[in-house]
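These notes open a run of structures that come right after.
You will see two complexes here that share chain A, one where it goes with chain B and one where it goes with chain C.
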Partner chain A sequence: MQAIVIHRILQIIPVLIGISIITFLLVSLAPGDPAEISLRAILDTDSPSPESISLMRAEMGLDQPLHIRYFIWLSRVVQGDLGYSYLTHKSTVYEILYALPTTFILAVSAMAISIIIGIPLGIAAAIKQNGILDHFCRFFSIIGNSTPEFFMAIVLLLIFSIELKILPVAGSGGFQYFILPSVVLAIGLIAITSRIMRTSMLDVLEENYILTARSKGLDRKTIISKHAIKNAMLPVLTYMGTQFGWLFGGAVIVESIFALPGLGRLTVDAVNTRDIMILQGCMITFAIIFVVINLLVDLSYIYLNPAIKYEEV
Partner chain B sequence: MIEGVGLSKNYVSEYNRKMLTHAVKDVDIRIDNGETLALIGESGCGKSTLGRMLLNLIPPSQGEVLFEGNCLTKMRGAELRAIRWKFQIVSQHPDSALNPRWTVADSILEPFRIHGKITGGRDQKQELERLIDLVGLEPGQAARYPHQLSGGELQRAVIARAIALDPAFIVCDEPTSMLDVSIQASIIRLLQARQKEIGCGCLFITHDIQLAKIMGDRIAVMLGGQIIEEGKRILDHPVHPFTQKIVSPGLNETAPDLIPACECSNHACSFLTSCPSRIPRCNIYPEMQVCGDRRIRCHLVS
Partner chain C sequence: MIKLKNYILLLLLIVTAFSLGCTGTQSGTQSGMQMATQQVAEPTTLTLAAQWEPKTIDPHEYGYTGHRIGYTESLTGVDYEGKVIPSLATDWSVSPDGKTWTFNLRKGVVFHDGTPFTAEAMKKSLERSLIKSKSFAAVPIVGIDAADSQTLVVRMNNSFLLLPAYFSKGEAAALSSSSWNANGTIIKPVGTGPFIFDSWKPKEVVVAVKNTKYWGTAAHVDKVVYRILPEAMTRSMLLKSGEAQLSVILPPEIATGYMNQPGFTVHQQSIPRVRMITFNNIKAPFNDVRVRQAVNYAIDRNAIITSVLEGIGSTGTGLFPPDTYWANKSITTWPYNPEKARQLLEEAGWKDTNGDGIVEKDGKPFKVKLLTYSERAELPPIAEVMQQQLKNAGMDIEITVGTSSATEGIFKTGEYDMYLVGRGLLFTPDPDEIMMTDYHSSGTSKNVYGAFRWNNSRVDSLIEQARTTQDLSARKAMYDEVQAIVVEEAPVAYLNYYVNLDVSTDKIEGYRSHTNEYSYHLENVKFV
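Let's look at the complex of A and B:
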């Protein structure tokens, strides 16, 4: 058990090294002199003197060959130094830490809504296969899945903010600012979560051990709650794990529409203003979040699926 | 004693309500306490469907199942669940017959938790040890998960679960077909021994003729959803052309040219298309008739 956890954690190290190499190359290959860009940020001037630039180059190790520069850069990143935004003159780490909570709240609440609604909906649709609820779910998931987020966001804004005036239009502040964005994100997730849960439930209900459970004299409710649901949860969990990672980076459109100062918006702004240090920081953050979430999903498998627990490592 | 009277099962196509599949057609079947009826037939002939209808795991389209004087098919909900422990199933696929998230011990002991009233204050730990010993598993294997046991060990665990509450009737649905030949014999011996002890009736479904001869006090041959010949030692002296064919497959080569299935009427004999000794009357569905020591569905015997 312990060995497998350590094994899984060690497995992410090569992934992180790969990510760091790609991110490093992105910055090295980007046009412009990083030393000059950094100096502009630190000194708050458009044209730093050539002497200071060459000093900065030496300090940043830019006069070294590429592989040496990578290790210098990596040691700085590991110490939490990701450079400065040349636009705001603030450190990249500060900008990211400022944006992270907003994205985190948005992702968690969208995920929570989709779990609370999507999973019971999928279970109910499977239990009454081809019933009214099943047809409704199919209809809902096609609508939910094929409506673009920006359209859904605008429709909900028109209804709840403009007409009914019960929710704020955009911006950040309290919890009410997160309701509409997380609902918009959740609708697409519910559409797929409920379908996967339904299919997975139907598969499990066909299994022999469900037949055995019936022949033992269990009632349908107990069979579903004790034998079926946990076994049917695995594929849904995999899907939700990858989607959770996606929510951190993919909420770009929703964050922009609702003017939420999250990671997605930070990334888009960085791309627009060519703020390469911020972009680099965002990339590393997304990658780490994605890897960590996948690790957590893997570890939760060990709890959910006894078949993994005793596998040879 | 368990008895099925006029059992039929039809499946309707989801897309075309007029397309009916007759999985089982008008079957009468009876199994006494302590008796084994070996049910033999080709794949897809309705053996498993018939077995599951007897256990009331699938509701029959027509007909009823009588068990100890009660009509099972008329029972509903709690009444049916309370009596379910008396008839059990051992399925073909031991690897999916146990919940993969539960230890073997949990699965074997679940019947005791469900039917607490019948089992009274029986000590679950002792019961587990007794059952594990009865089916020839090691005590340590009960604490494992299904994926950690081999097919043969799993089937032993499945049998332990099935006999946990001393049922009156067991359906064994090809219990050894997924196992290695070397293990088959020991599982068969185990089933025979435990059945003798409990004195329960058994429907032994198989497509292995030798196994049917070994296991069955009586043997029933199924074809196209119907029992076409049934009686003691019928495989030694087969009368129905289909039984003759499966007992000595070599005869098949001399069979006459086949009639395409589409030219037969719905009411024809199930074996019409490839029967070597068919007569014009075979276009009419033959009724079950008693002929000496057996029951048979064939116009040739009358």
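Let's look at the complex of A and C:
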């Protein structure tokens, strides 16, 4: 068990190195001279003078060859120095830590809502295949999955904030401000989660060990709760793991509509203003979140299905 | 199956608890809202929604927010027409050589911390601003002196008549020295405006309260909540829910929805930003003035506004929008006249000889390249409408749309014929900058968005003369003539002006859109 955990953790290292190179290259090779773009924002002019551009290039270290720039950059990153935003003059780490809790709350609540609703819905749909609930579930999934977040947000805002006036439109003053955004994010997740759960459940219910259990005389309730659900959870867990990562970056639209100062908005703002240090920081943060979540998903497999342990070693 | 039922029950319970929770917490905010709107005798809170986000609360680095909300002021201000007017300075004068400026400061002004606003305080504030702000890099200031408590003298390296215009900027705000700590880092902005800065939550909100000791007319509302909402749809929702009384800068498709709706007022204001075509004036066919004029006749500017801009905007006349101070109001829009366009083309040697609808010269068809970029979403559709219009007059244009940095790369090589751009005009509230970069030969010889590679000696001498003229109306007359020449010679073609659309609810009155969003003048706004 321990060996697997260590093995998994070691696997992360090359992934992180790869990420660091890609992050560095993406931003370095993006079109446009970052020095000129920064100066345009700073000086509020369309055409900064060539002298100021060359000064800025030197200040930003852009006159060094690419590989040297990478190592200078990497050594700083490893020490936790991700540079400063040229707009706010605050450190990238500060900006990211400021934005992270909002997105974290949003992602966790969206995930929680989708688990609470999506998984039982999927199980119920599978148990009563082609029943009323199953049809409802299918209908809901199609609607939920094909409605863009933007539209869903507006519909919910019109209902709950404009007509019923029970929820605020936007902002981040407290718990009630997170309800609509997390529901909007959760709806798409519920749609897929419940479908995957249903399919997976139907597969599992046809497995030999379920037949064995049934022939052994176990009642249906025990079979489903003790044997089927746990095994059927694996693909759902994989899906939710990756989705959780996506929620951090994919919350961009929702964060903009509901004016939440999260990581998604920070990233988009950084792209729009070419705030390169912030952009790099965000990309690295996303990458780390993805890697960590994948690790957790992998480790949870071991808990859910101990058989995996023997296959791996 | 019992378990499933239990589960559903539990789920229902959670949902109920959740919704109860919402209504419970919500009642608090709602009563706050009602308080703001109903009981006028109680403290009133004006909430406005805007997309602009201060990246820092230091006005000397980013000055717009302070001026817009009204917790900072500068020596000079900008009126609704975009003209520089007195603010903290009552009047100013310059020495004959243009190098020494004297500002007489307003008497009886106090900072929000109670300290008096004096020349000495303004000197300290401006000196910090010159270090902190990048806006004054082009201003040749040598030194600032407080001649007496109400007289500020600014010495320049060379003649510089734009100083009052520069001093109107938010970055030149008068701040009390209690605004920053020993290291010069901002603590909070302590200014002189009708509102006092209260708090800031990055990306969310700036709060200011009424300044009862304001030197001018005191504000009507007790508190201003400036909410930062990047999404226009959300700003619109806030109006509908009653959480905000004013939403600034809504896109036409949203704002037009409010136009005939009772309970809302749409404020429409053209801003100093023009959509225009800049011709490649050194390359055939646009090196011929008649061809450039033909394009002007061939464009149906009204059709562009109705078909692409939702009917919002006024057709282009001269460089500046007609309702701003610096516009030459006698210039009229080029009339739409495809016949006249064909006639001018024929005079220039372009005639449709093979009957395909496109004119030719020396056997070569009229085919030109139009560049534009996608960051300003309305530009590509405008290009398409023009493509059709020019085709009707016998001109074939090929459209290239890219990102602004990509099209700018092409533009710099000169491998284009027409460039459709949106051009900001008055970053500093004085025409000198845009005239120098875009129309004076020293600027047009470089790669700028103005009259590319075009020069006119009369225009050059007028712009130079305006630089050394102190009398405002005399200067305006010179710029008027420049604008008239540019329209006639047509090195560029002005299509229309950008328009800001703000929407307010009937709960408030007294708001007016400012042409360059210099200030929202919230001190004039009151609840009805």
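Here, the second predicted complex is superposed on the first by the 268 of 313 C-alpha atoms of A that agree within 3 Å, B and C clash if a C-alpha of one lies under 4 Å from a C-alpha of the other, contacts with A are read in each partner's own complex, and residues count from 1 in each chain.
FYI, a contact is a pair of C-beta atoms (placed from the backbone, for glycine too) under 8 Å apart; a residue touches a chain by one contact, two chains touch by 3 or more.
Since we're looking at a predicted model, the values are computed, not measured.
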If we overlay the two complexes on their shared chain A, which of chain B and chain C does A:Ser28 touch? Say first, second, both or neither.
neither
Winner on chain A touched-residue count between chain B and chain C: chain C
Exercise for the section: Answer with first, second, both or neither: which of chain B and chain C does A:Leu218 touch in the superposed model? Expected result: first
I'd like to know which partner A:His227 touches here: chain B for first, chain C for second, both or neither.
first
First (chain B), second (chain C), both or neither touched by A:Ser54
neither
Seen from chain A, its contact residues with chain B in the complex are 207-209, 211-219, 227, 230-231, 304-307, 309-310
In the complex, chain A touches chain C at residues 31-32, 42-47, 52, 85, 87-89, 98, 116-117, 120, 124, 150, 154, 157-158, 161-162, 165-176, 179, 221, 225, 256-259, 261, 265
The residues of chain C that touch chain A in their complex are 1, 3-4, 7, 11, 14, 18-19, 21-23, 25-26, 29-30, 55-56, 61, 134-135, 137, 201-205, 227-231, 233-234, 237-238, 240-241, 243, 403, 405-406, 424, 427, 437, 446-449
Contacts from chain B onto chain A in the complex sit at residues 52, 55, 57, 77-78, 81-85, 87-89, 91, 93, 96-101, 107, 110-111, 114-115, 145, 147-148, 158, 161
